[in-house]
Each structure stands twice: as C-alpha cells, then as structure tokens.
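Shared between the two complexes below is chain A, which has chain B as its partner in the first and chain C in the second.
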Partner chain A sequence: MLDELREKCKQLLANGTVQVVIGYGQPAEAGGVVPVFITTPEDAQQLVWNDQCFANLTKYLLRSEIKALGKAAICVKGCDERALVVLERESQIDRTQIVVIGLLCDGVGQPRLPKCEACDVHKPRAADVLIGQPPADGQPLPAEQRYAALAAFLRKTPEERIAYWMAELSRCTKCYACRQVCPMCYCRQCIADKNRPVAISTSATLKGNFAWQITRAFHLASRCVGCDECSRVCPAGIDLRLLNLSLAQAAEKSFAFRAGMDPAAEPVIGAYREQDHEEFIR
Partner chain B sequence: MSQPSDFQPKIIAYVCNWCTYLGADLAGTNRLEYPANVRIIRLPCTGRIDFNLLVKAFEMGADAVLVSGCHPGDCHYTAGNYHARRRWILFRQLLETMGIDSRRVQFSWISAAEGKKWQQVITEITEKTQELGPYAAYREICQAGG
Partner chain C sequence: MSELLAATALRELVGRWLADGRRVAGPQCAKTHDDLHRHDLIRYGWLTAADQLLLAGFIRPLNSIKEFVFPRHEELYSYRFKGKQIELLPIETDPREQIIIGARPCDAAALGILDRVFNWDFRDEFYNRRRELTTVVTLACSEHDDHCFCTSVDSGPGDTRGSDVLLIPLEADQYEVRCLTEKGKRLFAGQTAASTTEGKVLAGPPPRLDLAAVGDFLDGGYENPEWQKITLRCLGCAACAYTCPTCHCFDMVDEGNAAGGVRVRNWDACQFAAFTVHVSGHNPRSVQAQRQRQRIYHKFQIYPKKFGELLCTGCGNCTRNCPVGLGVLPVLQSIVDKSQKNVPSPSGREC
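Up next is the complex of A and B:
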C-alpha cells in the first residue's frame, strides 16, 4: 500500500497534475508522524502510511502558504474526507483544484483511537485515487454505537456533568490549539479574538474557558465531522469530543443529518423546516 | 429546595423588536402586572440572538434567561425565528451535555397582541426560578480564579 501511495504521488508530481502533495511523513528524529508537503517527485519517498497517521490534513488546504504552492493533492482517510465535503459545501475549497488521494483505513492508533472504534467510513467515497485494499463491506454503524461515549457521559446527573466540566476546563490554558487544528475553524477573525468589544472573556479562568468552549463547540454544530483532532491536540487532555458528539447527535436526531456524509444534503444551520420540532418553546 | 423567600431572581429576557417587545409593551399599556425581576433586552430578531448572549447573561449574574420572539410564520424578516429555532434545538443539547441547568433557559413565542401571555410567562419563570434559587453553579464558574 505504501509503495502504491508513493508511486502514485510521484506520478502526480512528475506529470504536473499537482504541485504539492500533502501527506504523512516520518520525522528525522523521534517517532511518530508529521505532515509533509512534497513538491518534487523524488521526495515522494518520504511519504508514509501507518497506524500513527492520526492527523486530519485537510486544514492545510486552507492555509495561504500552501495554496501559494499551486494545485494540491491531499491524503485523506475516510473520516478526513468528510471534512472536505463540508469545506466544499461552505465554499472554502474548490474540489476541481484538488486531487484527493483516499487511503483505505482500518483505524489508527495503538490501541485504536476512540473515533476509529466508532467509525463507519473506512473508505473515502469520493476520492480521485484510492490506495489500499477494498475493506470488508462497511455497513453504517448504528447510532447507539457511534454515540456510546456520549450516552455513557449523559448517565451522570446534570450536577455531576457541570462539576466534571468545571474540573476539566479549569485546566484549559486558552492555547487555542483546538481551534488551530480544526478544519472547520477557518474564520479570518475568530470571535475569540474580537476585542472591541470583547465577545468571549479572554482570561484563562473558568468563566472564560466555559464561554470559549461553549462557543467553539456551538460554532461547530452540525459541521463537526468528528475527526477528534481537538481532543488529540489538547495539551490539557480535555475530552472535547463529548461536546462535539452531543451536537452531532442532536443534528442527527432532529434533522437526520451527519456532517460531511452526503455532499448534496441541505445543511442544518442556514436552512429550516416549518415543522421543525418546538415542544420546548412556550 | 428551600430558599429564603425574599430571593429575587434576576431574569434576562432577550426579545425581538417586532413581536415580544410589543407584547411586553402591550402588557404595560394594559396595566397588566408582572414581576419586576425581568430585564428586557430588545434585539432586531430572534435570528439575531447569538447564544453567546445567553452565556453572557449568566456571566453577569442572571438566574434565568428567556428568549422570545414572533410565532412561526410571523417573523418580520420572514424566517429569522425559524433559523433561531434550529439553533435552539442544537444549543439545548449542548447545555444538557455541559450540565447547564436547562430549566433556566426558556424559550417562547409571544406576539405583539399577547400582552397577557407575556405576563403569564414572566410570572411563571420568576416563580420557577425563585424555587430553583440563585444559579450558584454558574456564579462559582465566574468567580473561580485562573
């Protein structure tokens, strides 16, 4: 699979189809995997594909310095591809100007990441190039399985939940890594940086941290594709996934919508139905 | 829950300019009495009501928040309330997960002709919030040091 990936990328660069390949590479020192930006056919040898390829690379497509390199090819797993669907829907990328290299994925991480345990998109569905063996038939997982982590959390009482978040968010240092890594956080000016007047309290106290995480989660409502990069990069180890899952579940329950699954689906926010439920409104 | 009976909750009502605000105005002109615990904040439309404002209200010491606008179909801007309703559906789930007391976040449709309904809703929310007591958890969040 790796040879196939390197060969394909080499070709794409050699025949000028793309000027840059965004993929995974091995750092010279230490272990793990880092994003690499390959611009010459010879360098395609640097590409790797292994169970450490956690990152969702789609964020890089939005960066001006990457755009400046020319037409890009990007390596995506099935989960990452969902981000491309949302970004295209929101006019952030031009799909015709991107070559999508789909990597058939059976889950990453040792042990497998939580998102991989609940994954039903092992195969990128709209990739231009598919690399790897076709997987066993990918049946959609039932919702109970995909939201199991959230369901377990919601068994706590509301008092236990708020106490949990107070303990967790007290560790947040407002480094904004969750925002920087998120493919859906692409605003030129984030509301968290707005200072005249201040919209979100900037202090890294519980007050500011609640305001920030509520904002971050809600701005991703019905847009988050569940790549879990925010949780993975959080230096304080806050399980932000739970917040994203809760909004994803609400969108699925109320509007039968899963972000990035169907390119033709009408978005939840920005559209409406007269018969949307309103039993909670007086 | 026993609370001192003299607890006067602070209730912030974010209302739309065209329906609920006029409904509240009508309650006033009709001399309908309702608790003075409510602070009305008028915005153009429920579609404009950013959920950050709800968080802000709690930060500023609100014990309950009401968001109220035109009935479906009556929006001055045609569909602002429909868009708002979708966001509320999602936002309520986030509140649920965070353990923020959803009894303290209320929504209503009150038209310009429903001065009476405004009186009822405000009275009910005030009484309910009096039973719930001050929103101690959010106060604690706001007072915690960094």
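Up next is the complex of A and C:
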C-alpha cells in the first residue's frame, strides 16, 4: 500500500499533474509522523502511511504558503475527506484543481481514537486515486453508536456537566490550536481577533474561555466533520469533541444532515425552506 | 554532609504550608486517562491538598510555572468614568506567599531569565510582586524523553538558576535538600536530617544541538530560504509559546463598558498573524515562516545579545505540545543540518 502511494505520487509530480503532494512523512528530527509537502518525484519516497497519520491535512489547502506551491495532490482519510466536501460546498476550494488521494483507513492511534471506533467512512468516497484494498462495503453506523460518547456525557446531571466544563475550560489558555488546526476555521479575520471593537474577550478567564469555545462550537454547527483534530491537539487536554458532537447531533436530528457526507446536500446554514423548524424564534 | 528529607515528611510539610494559608503549586494530574487521552494529563496547578502533588512518574508537566508569576490574564488597574474625569483605581492583590514545589530545573531556570526582562528598562511591579512572594523548590529530573535538550542549551538536570531549593531524589523515598537561598533555608529550617548520603544529579539527555553551529547559521541566515521549507507545516497557533517557560509576550486591553472597566494584560504570541499586523492592514511578518524565524532569533540571538544567556532552557514543551511536531529543537536541527549541506546563495530569497 505504501509503495503504491509513493509510486502514484511520484508519477503525479513527474508528469506535472501537480506541483506538490500534501502527505505524511516521518523526518528524523520530528520524532513522529508529521505533515510533509513533497515537490519532487524523488522525494515521494519520504511519504508514509500508518496508524500514526493523525493530521487532517485539508487545512493546508487553505493556507497561502501552501497555495503558493502550485496545484496540489492531498492525502486524505475518509474522515478528512468530509472536510473537502464542506469546503467545496462553501466555495473555499476548487475540487477540479486538486488531486485527492484517498487512503483506505481502519483507524489511527494505538489504541484507536474514539472517532475511529465510531467511524463509517473508512473508504474515501470521491477520491481521484484510491490507495489500499477496499474492505467489505461498510454500512453506515446507527446514530446511537456515533453519538455514544455524547449520550454518556448527557447522562450526567446538569450540575455535573457545568462543573465538568468549568474544570475543563479553566485550563484553556487561548493558544488557538483548536482554531488553527480546524479546516472549517478559515475566516480571514476570526471573531476572536476582532479588536475594533472587541467581539470576544481576549482574556483566558473562565468567562472569556466559555465565550470563545461556545462561539466556536456554534460557528461549526452543521459544518464540523468530526475529525476531532481540535481535541487531539489541545495542549490543555480539553475534550472539545463533546461540544461538536452535540451540535452535529442537533443538525442530524432536525435536518437529517451530516456535514461532508453528501456533496449534493444543501448546507443547513445557507439554505432555507419554509418547512424549516422555527420554534427557536420567540 | 547533606540534608535529607523523607518523601512522606515532604508531603506533610506541603500540607502544613497549605494549612498556614500559603498558596502552593506543583505538578498534579489534571485529568486521568480516558478514551481520548491515553496518558494522564500532568500539569502544574494550584494544590488544594498535599496528596495531589505528583513528584515522580512523568517527564515534565505540559505547561510551565511562568503562569504563577506571569499569569495568562492579569488585571493591572480599573477605571471609572465620572463625568469628564476618569478615576483610576488600584487592583486588590493577593498578599499570600506562594511556593512552587516540584518545578523542573528547566522551568525554574526560566524564572531567572524572566527576571531580567521584567526588570530591564522598566521595573514591572506586577511581575516583581508575585516573584518576591514566590519560593521555588525544584526537583532534579530522574528521566528525560526525546524532546528534552537542556544539556544542549547551557542547562541540565542540576541547573539551579531561579531555584531557592534543589531536591534530588534518592532511593528509599528520600530527597536530598539543597537550600540555595535564604528563602529556601527558611522554608526547610528544622525539617531535614544531616547525613553523609549525597544525591547524584543525572547527566540528562545527550547533546542534541550544536549551539556554535546555530550561532553561525543565525549570523548570516536571516534570509535563508530554508526557513520557509522547514516551517511550512506550522499552523500558527501558540501552543509552543504558551507552554514555553521563557516566552513572555503580552498584550494590553481594556475590558469594560460606558461606566468603566479594567485594564488587563493577556498572553500574546509571535506565532499569531495578528501579533504584528498594523492598523493599515499591512503585516511586516506576512507569512508563518517569518514568525517562526522571529521566535528562533529572539531566543538564540536577540535575547542572548542583550542579556548574555539564551531565552530557552531546553524543556522541549514546544515540540511536545505542537500539533505538527515542530518546536525549537526540530527547527534548529533541520536548519543547521541543511545549512551545512547547502551553502546558501548570497541572494537568498526573503522567506
């Protein structure tokens, strides 16, 4: 599978289809698997694919430094590919200008990350190149299984839940790793950086942290694809996944919508029908 | 001769400090292992009970002790509008003594470094007030990981910069207590027993960086195109700066309404695009590589030229906390490696 990946990327670079391959590599000094940007056919040998390939690389398609390298091929797992669907729908990428290399994935991490336990997109569905042997066609997992972590959390009392969030968010320093790693956080000016006037307190106090994380969660409502990168990279170990799952569940319950699953589906925010639920308007 | 203290006695002593009304901070488990986080989350934090204190079984906390002297949010003064007048009011401060126990040498050394910044052209009363109330009890390291590089940056497991006391773990659940300052002596007076057993400070990680080569590179490497290549994966968050024991940049903002408010200072970081953006919209550091380059130059050239030591203690937190495995050590290792292989062209492109 690895040879197949390297060979394919080598070809894409050699025949000029793309100028850069955004993939995973393991340079000696990094001490682990990290994103790499391959620009010559010879360097395609540096690519790796294993269960330590955590990063959702789609974020890099939006960064000006990467755009400057030219037309890109990008390695995606099934979960990452959902981000491409949303980004295309939101006019952030031109899918025809990107070569998508889909990696068949049976989960990352030892043990597997929670998202992998509840994954039903092991196979990228719209990749231009598919690497790996397709497994038996996976059936969509029932919602109960996908939202099991949220359901377990919601069994706590409201008092326990607010105590949990107060303890968690008290550790947030507003390093914005959650935002920077998120493919859906592409605003040219984040509301958290607005200072004329200030929209969200820049203070990493409990109040300022609630304001930031709740605002971010709402901005991701029906857009978050559940890659869980925000939770993985948080230096304070805050399980932001629970906030995102909660809003994803709301979108699925009210609109039968899962972000990034169906390229043809109209986005929940940005589409309107007279039959839409309006009971929240008072 | 040395002075020894049993681990149980040390914990009892911490309990008495708390009972006396002193604020005590140290490594603790902020969150236990769960399905998302495979390891317990070990962080420095305020202790409410002595049994929360962790002194073994981990490399180093994922944050740093700077937040106890330079908090991520600090109120400087409040203001109130009275007609056309503005009334300034001081903020009430916490007068309690604070003790940081179990600090790693790479954290304690950073306080010595921060002292210079906050007392250079201006004596910062907020930093110094907390610093004067603080006693630092450092615990020498028993192990290191692949990210530690203290021994490559003029530090090491026995570095006593910034420490009032150095504890050296011995076998049989004991510590050798080396009091380094008067503050330290007062804290442990009458608590220890004299002995002939001396603790041995470990050698620490093997050399991982050639500082002379770094210096040579930085002297002429400002416009080297390698900066761009090496830092391309940086996503521009502040996980490195906010968990770094020596990074100390801050922003000042007014938080309030038409009646009045508070002037506060909050941590800020050079890795954010907004850090240098001008009112006009122009940003002199327009790409991430320039921001990474700035961080390295500040730590390894700008600060050292001014104050004679590095703005880095080799703790490795930048890499440990980086979402994409960057950080001071990998950046410098790559850049020195690459620059030795390819001599940069004199007309190197500005990155």
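Here, the second predicted complex is superposed on the first by the 274 of 282 C-alpha atoms of A that agree within 3 Å, B and C clash if a C-alpha of one lies under 4 Å from a C-alpha of the other, contacts with A are read in each partner's own complex, and residues count from 1 in each chain.
One rule holds in what follows: a contact is a pair of C-beta atoms (placed from the backbone, for glycine too) under 8 Å apart; a residue touches a chain by one contact, two chains touch by 3 or more.
Since this is a predicted model, take the numbers as computed values, not measurements.
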- Would you check which partner chain A:Q11 touches, where first means chain B only, second means chain C only, and both and neither mean what they say? neither
- Looking at the overlay, what does A:T205 touch: chain B (first), chain C (second), both, or neither? both
- So, A:V268: does it touch chain B (first), chain C (second), both, or neither? first
- Task: Check whether A:E278 is in contact with chain B, with chain C, with both or with neither, and answer first, second, both or neither.
- Result: first
- Message: Once chain A of both complexes is superposed, is A:S231 in touch with chain B (first), chain C (second), both, or neither?
- Response: second
- Query: Taking the superposition as given, does A:V36 touch the first partner, chain B, the second, chain C, both, or neither?
  - Reply: second
- Considering each complex separately, which residues of chain A are in contact with chain B in the first and with chain C in the second? 201, 203-205
- Which bits of chain A are touching chain C when the two form their complex? 27, 29-37, 55, 59-60, 63-66, 109, 111, 113-114, 117, 149, 171, 173-177, 179-181, 193, 195, 198, 201-205, 208, 228-229, 231-233, 235-237, 239, 241
- Message: Going by the contact rule set out above, which residues of chain C touch chain A in the complex?
- Response: 30-31, 34-38, 41, 43, 62-63, 72-73, 146-147, 228, 232-233, 235-239, 241-243, 251, 253, 255, 264, 266-267, 269, 272, 274, 287-289, 319, 321, 323-326, 329-330, 333-334, 337
- Query: Of all residues in chain A, which touch chain B in the complex?
  - Reply: 150, 153-154, 156, 158-166, 170, 191, 199-201, 203-207, 210-211, 214-215, 217-218, 221-222, 242-243, 246-247, 249-251, 254-255, 268-274, 276-278, 280-282
- Note on the structure: The residues of chain B that touch chain A in their complex are 51-52, 55-56, 59, 72-73, 79, 82-83, 85-94, 96-101, 106-109, 121, 137, 140-146
